[in-house]
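Down below are the structures I want you to see.
Same chain, two partners: subunit A is paired with subunit B first, then with subunit C.
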Partner chain A sequence: MDFLSYLPFDLPHPALLLAGVLEGTVLAAVLALTALGLSIVFGIMRVVNVAHGEFYMLGAVLAWFVTTWVAAVTGGPPWLGFAVALVIAPLVVGAIAAATDWLVLKRLNYDPEATIVATIGILYIIQQLALTFYGPYARPVEAPFDFRVATPYFGYSGYKLVVVGAAIALMLVVWLVLTRTRIGLVMRATQYDRETAQAFGIPVDKVYAGVFALGAGLAAIGAVLIVPIRQADYLMGGDPLLLSFIVVILGGLGSLRGTLVAALFIGLADGLISTIYDATLAKILATLLVAMVLVFRPQGLFGARAA
Partner chain B sequence: MAADEITRGTNRRTLLKGAAAIGAVAAGSQLLPGAARFAQAQSSAPIKVGFQVHRTGIGAAYGRWYDRTTKAAAKLINENGGINGRPVEIIAEDDGTDPKRGAEVIEKFANKHECDVAFGTLFSHVVIGSAPRAGELKLPYFVVSEGHHVASGMLNRYTLQPGITDVKSQVQSMAPWVADNLGKKVTMIYPDFAFGHDHRDYFSEAIERQGGNVIAKIAVPPRETSFFKYLPKIPKDTEVLYHVMVGPGVLTFVKEMGEYFGDDRPEIFGFIDSLEAVDIASPGLEFLEGSHFWEGYPRYAGPNQSEHDKFYRAAVGVDDNGASLSDPKDISTYAHMFGCWETLHILKAGMEAADYKGPKDRQALIEAVENMDVFPESQAHPQGSKLFNGRTHQAFAHQHISKVEGGKLVPVHKTSIFDTYYEDEVDYTKMSF
Partner chain C sequence: MIKSILLHGAVIALLIVLEPVLSEYHHGNLARILVLATYAVGYNILFGYTGLLSLGHAMFFAAGMYGCALMVRLAEWSVGPAFLFGVVCALVAGLVVGMLALRTIGVGFMIVTLMFAEAAHLTIAYYNEYTRGDEGFTIPQAVRTVAGLDLSDTTTRYFAALVLFSVCLIGSAALVQSRAGRVLVAIRENEDRVRMLGFNPFRYKLLALVLSAVMAGAAGAAYAVLFGYAGSTFASVQYSIFPLLWVLLGGPGTTLGPLLGTVLMFYLVDYASGTVMPGLAAFVEGSFGIEAPGLASAYLLLVGIALVLLVLFAPRGVLGVVRARVMPWLP
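Our next item is the complex of A and B:
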């Protein structure tokens, strides 16, 4: 390793590198799941959903309600409440999203500018409702199980590693649904050409409601997975929204492959930069990168140029 | 029915007499009736205390308990005859734990609610954002904030902190004990805003005076939700890890610290801020056993509990474990919230000393408080006796160090008040109003 001493800079300590990679991977996994929802909604519906972060927050808050309720009613172990939350939270959030689509977005004819303003309004409505009914406090949800993984330098939460695995599995499922099932085919047809799809008898309204629900549900699942690590509070939707936008713009709006690659890149970069240098620097660089991409490659790294 | 008739009759008669009287004097002066009504109202009208409170934002847990403590203190004061015979009315406004909103709330107190004084809030950035506006509006502003910004001279003559010690006092009284009992090579983790910077600057100075030094300073943004990434920056030769954290993520912070260290941890010295409103016996905090905390006021009622503490706990609704009487999972911010109780009692004493009648006596109120020097331990000061320095507008008090034993905090050391004293950095009494 002597040759390393000739480098013009000090290599970071391996403990820092390892911690950065681990934290980055966890962030990337959850981010991919959240950004995927945003990306699918934009890709198929051409709606920029500014309220996406609030669906994420709702997932976490519902997880708290469900786990608390299950623990109070059954007195069961933490994993039972968590498992119930993992099913109920995305379903409820998806239903709320479908209702939002029917009540608001559909009436605006999915006009791109109008839906941006409308989803900003929805963001505040959801946030203030959460403040009213859940309160301003951060509340913990107990992890379904916890074990400590010892590395040579420090210990790490085993649950966080499970979260990575769960996120990968979920993304595989989404990919299979979109590419291998009839529902996925219908969705892709709607994305490709809305009017023709309608002419061929595809119930575009229902597809849109379903897609919006799917996008919100993915954010909610991401939140349920993360809440034992982070706690639930009514303002937690801001950061994931910003990061999801960064990921989706970077990867190319509507490109699922781009979203995944960008999530991995942003997650790892954030983990490494904030561990080795500074958390604020990581955010600055990510935002700068987005600005550069918008200037030099506005369609994103994997996006197709608009015709 | 008969009684009603009489009352109605009396009212009508009184009204007629009043009208006649007004008619008589109104000929002489248009102003007099108005002035007479005001004087009458003043004698019984409530004293309005604008209460700036963190209902939302990162300070919400503190706000909940500051609110309960303030209400309990106001109730007690009113039961005992109020201030100068007038009832106290608490007018609460949410500052969102946000400096800009804080300044707006101060304006509302002065202009909309016509409060006599403003009072309350904790987070240093809110106080620093609000105090200049209070000074401009000439509204006395009694803060319960802990920051050194009052005594440092950064603020103004209208801002006072008589009910709680500041961070500079707290950390300099901790440093000798930390150096003697835990170690001299210290790594600090603190939130990256005024409050955390006070910890960083004054503890570093204080531990150096003890022959120790701070080998790493790790600043964490106050809205951070994930803390693991900061922990690998702790140097391996750290003897004492000094942590102080605020905001909604505190429990996550301490849990991640436990995952990081496991059984192989340095000595840990924390400010209870890192676990205010959080149960020490929460899952994941077992590793804290044997570690130490600063406490402004011990959360658990020990065998030496004073009668004043007993009274105060019952009045606010806190059990012997520092939790709400109605919900044992609702943990208080016991180390800080006593400041609201004590400050309201000082406000009462100050207004009575100044014979406070209305906003024109605000300067007299401030001068009366500036003239105070000792607050003996009492029902009004359950945390213990305090010295008050009128020149710097800052109180000094005993501090406590507790050890985590069996998932509870057990006091092991109590500093003297003089351990917290430092030389004046400002003389507000020389500033004009």
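Our next item is the complex of A and C:
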């Protein structure tokens, strides 16, 4: 590798590079799940859900409540509480999202601008209720298991790698549901032409509520997976919201394949840049990139076809 | 026209008369409200009259605030020229963002402005060596004078805020009753038809956005000068949402709506976080045994509830309803 010494800059140490790639992969996996939720909601309902990050936060906070409660009641091992949280958090968050759809979004007739303003309001309501009842603390949730994977330079948390696997598996399931099942067909029909779908007896209202719940549930699962790595606090919804927006827009609004490619790209870039350089700089570049993409290439960078 | 002049004159006269009457507490509040209402008046030109919903106006407010405050802090300019420099910064920001963002419409415009503002906010945090990020910095009282007037003196500060507000209010009232103003309203109602009539909507929208940014920047610079503080919170998303909320509450597309909305929301938040929320927190804990450790500080909850209720039930705001029911001539 002698030629490397001719480079005009110093390469970071390989250990740092590896750490950046690994952290980036974990971030990309969770980000892809969260962004997929946002993308499905936009793709099918044409609703930009600004409160999406708060559903994520709610998932993490619920995971803390559930694991604490299970540990106190049963005195069982950490994996038990975690497993319960993995089921309950997305269900509760999904139910809250469906109620939001029914109480607010439906009444606005899904008008794009009005729904954005309304979801901003919902963002503050959820965030401040979390502050009210959870408080301004950052609390950890214990990982369900603990083993380390050896790399040439350092031991790496095995749980983080399991998170990556779980995220990939979940995305496969979502993709299968959307493309291979009757429910998926109904969703796609609603996306394609709402009124015709209604005329063919598809309960569009229920589909919308279900899609909104699914999108929020995906964010909640992502949060439950991440919470043993990163603590739960009431302000944690901001970053995933911004990153999900970036991913969904770069990937092309409503395009699932584009969303996944963009999530991988942004996750890795963010992991590398923030491990090696500076997290704020990475975000500044990404937000400017998104603005420019929307201005000059509104169909997104990758694939314009809606999935 | 006569009615409109009388109405605006009466509102400004009322604000002058109130000055010696108000208690120290409300006096300070109203000075702050007038600066923030100036920001809302600017926002209203773009949102209320032209129909463009920006989610990134905090960047213009911050451009004015930091353009002014950094010049005072780092280049040791006096506050007069620094204020003007802040306004120019906002104007340039408005032009650049407008040229780019106005190529998009609807939801695209909202997200592009949001992203530009977020980039601006992060940039301020990134250069915290100069801006001191979140924590912000103060402008010492000694340099806050213009033409021999001490702007930190409460009476002077009140009248300085009132002058700024009145200029922007009268400017916006004159604009919306002019020919250009009617084109802006026409763009809001039906852009294609405006284009068909031979107008260039882009130029008018850019005009509205730049004027809106200039007023927001003037408010930001005035805030720095009058209250002696600049911090990156003023560049955050929250400060882009606030003018939207104030204008929605007071009545989008009414000249006095921004002032009314700012006053109502300011006192609602003030009253709730001072009296209602701590009481409610004690009640919830006492009666139900549910701990609510953050309720007393959760004033943004009201912002959220107000936004949802307004969008659902009263998208025309207070003065919008008044115009529809009682005073159809309201500008």
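Simple rule for what comes next: the second predicted complex is superposed on the first by the 301 of 307 C-alpha atoms of A that agree within 3 Å, B and C clash if a C-alpha of one lies under 4 Å from a C-alpha of the other, contacts with A are read in each partner's own complex, and residues count from 1 in each chain.
As a convention for this text, a residue touches a chain if its C-beta (ideal position, glycine included) is under 8 Å from a C-beta of that chain, and two chains touch if they have at least 3 such contacts.
What you see is a predicted model, and the numbers here were worked out from it, not measured in a lab.
When the shared chain is aligned, subunit B and subunit C each come close enough to touch A:136. When the two structures are aligned on the shared chain, A:107 is found in touch with subunit C, with no touch to subunit B.
Judged by the touch definition given at the top, the superposed model places A:242 against subunit C, while subunit B stays out of reach.
In the superposed model, A:280 makes contact with both subunit B and subunit C. Once the two complexes are laid over each other on the shared chain, residue contacts for A:117 go to subunit C alone; subunit B is not touched.
Contact with subunit C, but none with subunit B, is seen for A:295 once the two complexes are overlaid on the shared chain. Applying the stated contact rule after C-alpha superposition, one finds that A:230 touches subunit B and leaves subunit C untouched. Looking at the superposition, the partner that touches the larger set of subunit A residues, subunit B or subunit C, turns out to be C. Within subunit A, the residues touching subunit B in one complex and subunit C in the other are 131, 135-136, 280. Of all the residues in subunit C, the ones that touch subunit A in their complex are 53, 55, 100-101, 103-104, 106-108, 110-112, 115-116, 118-119, 122-123, 125-126, 241, 244, 248, 281, 290-295, 297-301, 303-308, 311-312, 315. Subunit A contributes residues 48, 104, 107-108, 112-114, 116-118, 120-129, 131-136, 234, 242, 245, 249, 278, 280-281, 283-284, 287-288, 290-292, 294-296, 298 to its touches with subunit C in the complex. Residues 13, 15-16, 19-20, 22-23, 27, 131, 135-138, 140, 142, 146, 148, 150, 153-157, 229-231, 233, 235-236, 239, 271, 274-275, 279-280 of subunit A are the ones that touch subunit B when the two sit in their complex. Remark: subunit B residues 55-57, 60-61, 63-64, 220-221, 224-226, 228-233, 248-249, 251-252, 256, 259-262, 282-284 touch subunit A in the complex.
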